[in-house]
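Both complexes shown next keep subunit A, but they swap its partner, so subunit B is in the first and subunit C is in the second.
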Partner chain A sequence: MVVSKLKKGFKLKGLGVLIAVIALAVAFSIANSSFLSPYNLLIIIRMASELGIIAAGVTLLMVAGEFDLSVGSVYALSPMVTAILYSKFNVSIILAVMAGLMLALVLGFINGFITTKAGIPSFIATLGTMMIYRAIVLVLAGGMPIKISSDSLISNVIGGTIGGVFPAAIIWFLFVIVISYYILECMDFGNRICATGGNKKAAIAVGINTTRVKIITFMFTSFLAAFAGYVQAFRLGSVAPLNGRGFELAAIASSVIGGTSLLGGVGSIIGTALGALITGMIRNGIVLLGVSVYWQDGFLGVIVIVAVIINIFISKRRR
Partner chain B sequence: MCKKVTILLVVLVMLLVVFSGSALAYKFALVVHVAGTPFWTPVIKGAEEAGELLGVEVQFMGPAEFSIEKEVDYLESSIAQGFDGIGVAIADAEALDEPIAKAMKLGIPVVSFNVDDPYTPNERMAFVGQSFTIAGNVLGRELLKDEVIPENAEAVVLIGEPGNAALEERCAGIEQILVEHGIKSERFSAPLADPSTAVDMLKSYIRSHSNLKIVAASEFSSAFAGVAMKELGMKPGELLLAGFDLVPDQNQMIKEGYVKFTIDQQPYLQGFQTVMLLYLYKEFGLYPTDINTGVAVVGIDKIDQAVKLAEDGYR
Partner chain C sequence: MQNKISVDDFVYMKGINKYFGRVVALDDVYFSIKPCEIVGLVGDNGAGKSTLIKILSGLYPPTKGVIYLDGKKVNFSSPRDAINAGIETTHQDLALVDDLEIHRNIFMGREPNRLLGGFIPHLDKQKMIHEAEKALENIGIQGDNISVEDIVRNLSGGEKQAVAIGRAAYFKAKLVIMDEPTAAMSLKETKKILELMVSLKEAGSAVIFISHNIHHVFSIADRLTVLSRGKKIADLKKSETTEQEVSSIIMNN
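And now, the complex of A and B:
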């Protein structure tokens, strides 16, 4: 079947990004020995965690042949709703988090519904919802950061540290990667996602309800975006209305660096995780090098292009 | 393939070696919440020149666009990478508490500059910047000085970023003085990042408030009010205008006489003195103390000199 052939391809997709990770690690550690210190490594992975959680969802969606530009807004909106319910309406923090996560599923459903039922390209549909969801955040917050509980059990579980050192964010990042990997590589639903994005007509012909697959994937992506928002909000103790701006493109960049195709049907969760790690390494490494911070995005841009060139090179070689 | 990867690696390593390496006594980091605005130019110059005087390395960092989460990342990275002291603009009263406490616990001195967190617990050692309420008071007094204010005169206080603690404090300072003089005032927000919309909004505001006599801005939107007056065909002095910061639009409106004066928070000092405090603490154990970088009133008499200094990066 087409699907199983495609799946073999995934295993190789991460190679370009792995080379880039190793090259960067070697280079940065030569420049400054503290780069590889355990404390700094934890910070790098933690910096990659929130983006990595979002990017895992975005990768699944890209494999299904769709984009979600609203993830950065959902990342701010769900925690903002929770913060307001908790601090202004005295709702218990657990219920407030549940409400925020439910909201994320609804937001994802709206994205999927508009895309599939109205037949608008998801790039445009979610460009619209990105702005709408962000506007709601700003209206709710009135421009002000809002305090969110930082000493409850749930805030410690989601955004705390283990032993005051190891950030919970890293565990959640790994957890989301494992789950997403399992969905894409081992579950029947993963096959359906690949088929939907790879060849929609063939997928329909074999009886896959592609609309349903897409809507569910949109909901999962929104859910992960909101969850990443909680990881961040509980760590910092407040939700700022501009949180997550620019994450939509950073998440797509992580996926593309990791070997996910913009055309759908092909993608790698492990590659995406490494792609997110690279953005963390660059943000951290730039501090260590003493290079002007204005170079940061430029570095990332070079890595995006180089990693994709390596990936194309590898896939041609294997053919 | 292997050859290409090797070449890539070698190039990367060479680049890094060129960029890194320093043998100075101390290495200080200045971390901000939005690095991509011209406001920091004199701050960076002040910090770097203090660094040159003292023989220390200073590194300025922060996200190009406003982002608290990325500011925290920069702060944590600089803590992990062995900086000897850190200056930080505390743009969020909660989010930066923990990393600052972590730095202090590791023995890295932290001084806040430009924006502070005075109302909730925070472990930074001192603050270098403007006292915002006092700055608002000064603006109010200077604006009313030597002016004859009609009985029913009304005032508007402009705040371009509602919720920005520094601006809120300046507004409160301005309003204290207006209340003392029995002048009725209200707040109005014109977007700082969108001058043409701001000018249009202010034109409508001015036209619809016939008793308006005073426009006091907590930032530089006084310049937009000046342009609005000009476009409405009003003469300089028909409304009393003043605001903050030396930015090109503001300077021009002062020269043309529409804006009476601007208040400069002397950002050069914020960079310079932050590095100074960190150095004195590291070298001699002198505990950092708050430094008020002042309220320099710049009117038409001093504007040319101030503009020249701004071009040289000192104001």
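And now, the complex of A and C:
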């Protein structure tokens, strides 16, 4: 009974990733006993947090049947605009952050608008905006990192630590996971996201405005990408123009490891959170093992492929 | 042909034209249906059956022509408008989302909410599950090893159609449009679906039954409207015609 409830709760796929997380933790801790030390665990989860915040949005969007390759660029662009407003135009930091977050919503709207109104695949639409947004970052910054406030209240709240040890990033990560889970599983909008990505024509036939669902989800995804950018920017005290490169694919990888389908309609926020955690564990564990960091992405690649094979195997057995 | 509006028509479509570029999909088509009537909409491929019902379900606007509902002129700019007017459409293979549970499918787009702590909107899952069970019970498919918490993918084709019919019945549709509900069904499933359509009528809905299979249509329809190449070529009461006559009208045109 308990097991069947557990299985239902994780929809089996989530359970698969959880087993993978535990297996990796055991393997790495056997290889290096300091892997499971509290200090190292905090580092892993913090590393997972920034990616996880982005991946939560990317998962919702994938469930709605769309991709966003521009998240890495938005991750850099919004904080960059804030840094420039703050450093060069003396705008108060809180207003500059507001402006950056508003900008993220606009960027997400542009992604959604191009995808739905021009009717081109979002993979192409956001491949284009990824390049455009990145170019704007580079032009604005002139290729150089720009300082952002690091001692204000907002910088401490978003990118600081609690008691000098516990990164705020982790709390934000959990917060975003809870919100995203709530949207997908507990709100009518979540049901409409699933319907839109699962069978767009059926969704339209029951009166769901799928264009609106997609545009709102694009905006939410962009907002989270920008927010993750602030978490990093305030932690480091500056914004570099190449921040977030490659995050779009890492976010998709986290979602896929967590059981989200590339075809839309199916996804798990908890799976994605665990997928982001696996990414953090591998990046960290490989360093602890003394393996060349050049292997990091190679390891992740193996995990992605194995995860998808397992997920397909599980979903076939469910039928 | 019945081209005049009658006082008891639920739907009256007048002079409907639809062009796709220079292709004429519908040419001055008149269509009507009364409450609690089953109208079979038949004709060969490309006759314009699907285009006509897509206009009636709010998916396309007509190029020319007017739709009256209960004698009042209406303008559907989206499927939502048609649904709000009591018109439910079950498109062929497109009615349900395979990866969603039955109860989430039934309430798709019309999810019941309750407020958590007075202000946080929250899906009323208990209500969804409970009401979905009632909806399946009403059409008599509850208990056949089907749980409303199953995902639709695991259902047979006939069960999927039954869920879609159950949804229309649950929301007390005034008109249910069924596009090829018996296509690719086993004999047993076909029989069940035809029975369910009759029970929709008995519960007070009008039904438009679109099919290639004259035999299926003839077994339950009150009237048959025949389209050919975008034109209405016949509109016959079942009591005044035979299956052979309808077949030959379609074949010879």
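Note that the second predicted complex is superposed on the first by the 309 of 319 C-alpha atoms of A that agree within 3 Å, B and C clash if a C-alpha of one lies under 4 Å from a C-alpha of the other, contacts with A are read in each partner's own complex, and residues count from 1 in each chain.
Heads up, the rule we're going with is that a residue touches a chain if its C-beta (ideal position, glycine included) is under 8 Å from a C-beta of that chain, and two chains touch if they have at least 3 such contacts.
Everything numeric in this text was worked out from a predicted model, so none of it was measured.
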Check your understanding: With the two structures laid over each other on chain A, which partner does A:Asn40 touch: subunit B (first), subunit C (second), both, or neither?
Key -> first
Check your understanding: Is A:Ala31 touching the first partner subunit B, the second partner subunit C, both, or neither of them?
Key -> first
Study note, to complete from the structure: Comparing subunit B and subunit C in the superposed model, the one touching more of subunit A is B
Check your understanding: Counting only touches as set out at the top, which of subunit B and subunit C does A:Arg283 meet: first, second, both, neither?
Key -> first
Review point. Of the residues on subunit A, which ones does subunit B touch that subunit C also touches?
Key: none
Practice item. Name, in rising order, each residue of subunit A that touches subunit B in their complex. Key: 19, 23-24, 26-28, 30-32, 34-35, 37, 39-40, 43, 46-47, 50, 142-145, 147, 150, 232, 235-238, 240, 242-246, 283-284, 286-291, 293-294, 296-297, 306, 313, 317
Practice item. State the interface residues of subunit B toward subunit A in the complex, per the touch definition above. Key: 1, 5, 8-9, 12-13, 15-17, 19-22, 29, 35-36, 57, 59-70, 72-74, 76-78, 80-82, 92-95, 97-98, 161-163
Review point. What residues of subunit C sit close enough to touch subunit A in their complex?
Key: 57, 59, 78-80, 82-84, 89, 91, 94-100, 104, 107-111, 113, 121-123, 125, 153-154
Exercise for review: Enumerate the contact residues on subunit A facing subunit C in the complex.
Suggested key: 186-188, 190-192, 194-195, 198-199, 201-209, 265-266, 319
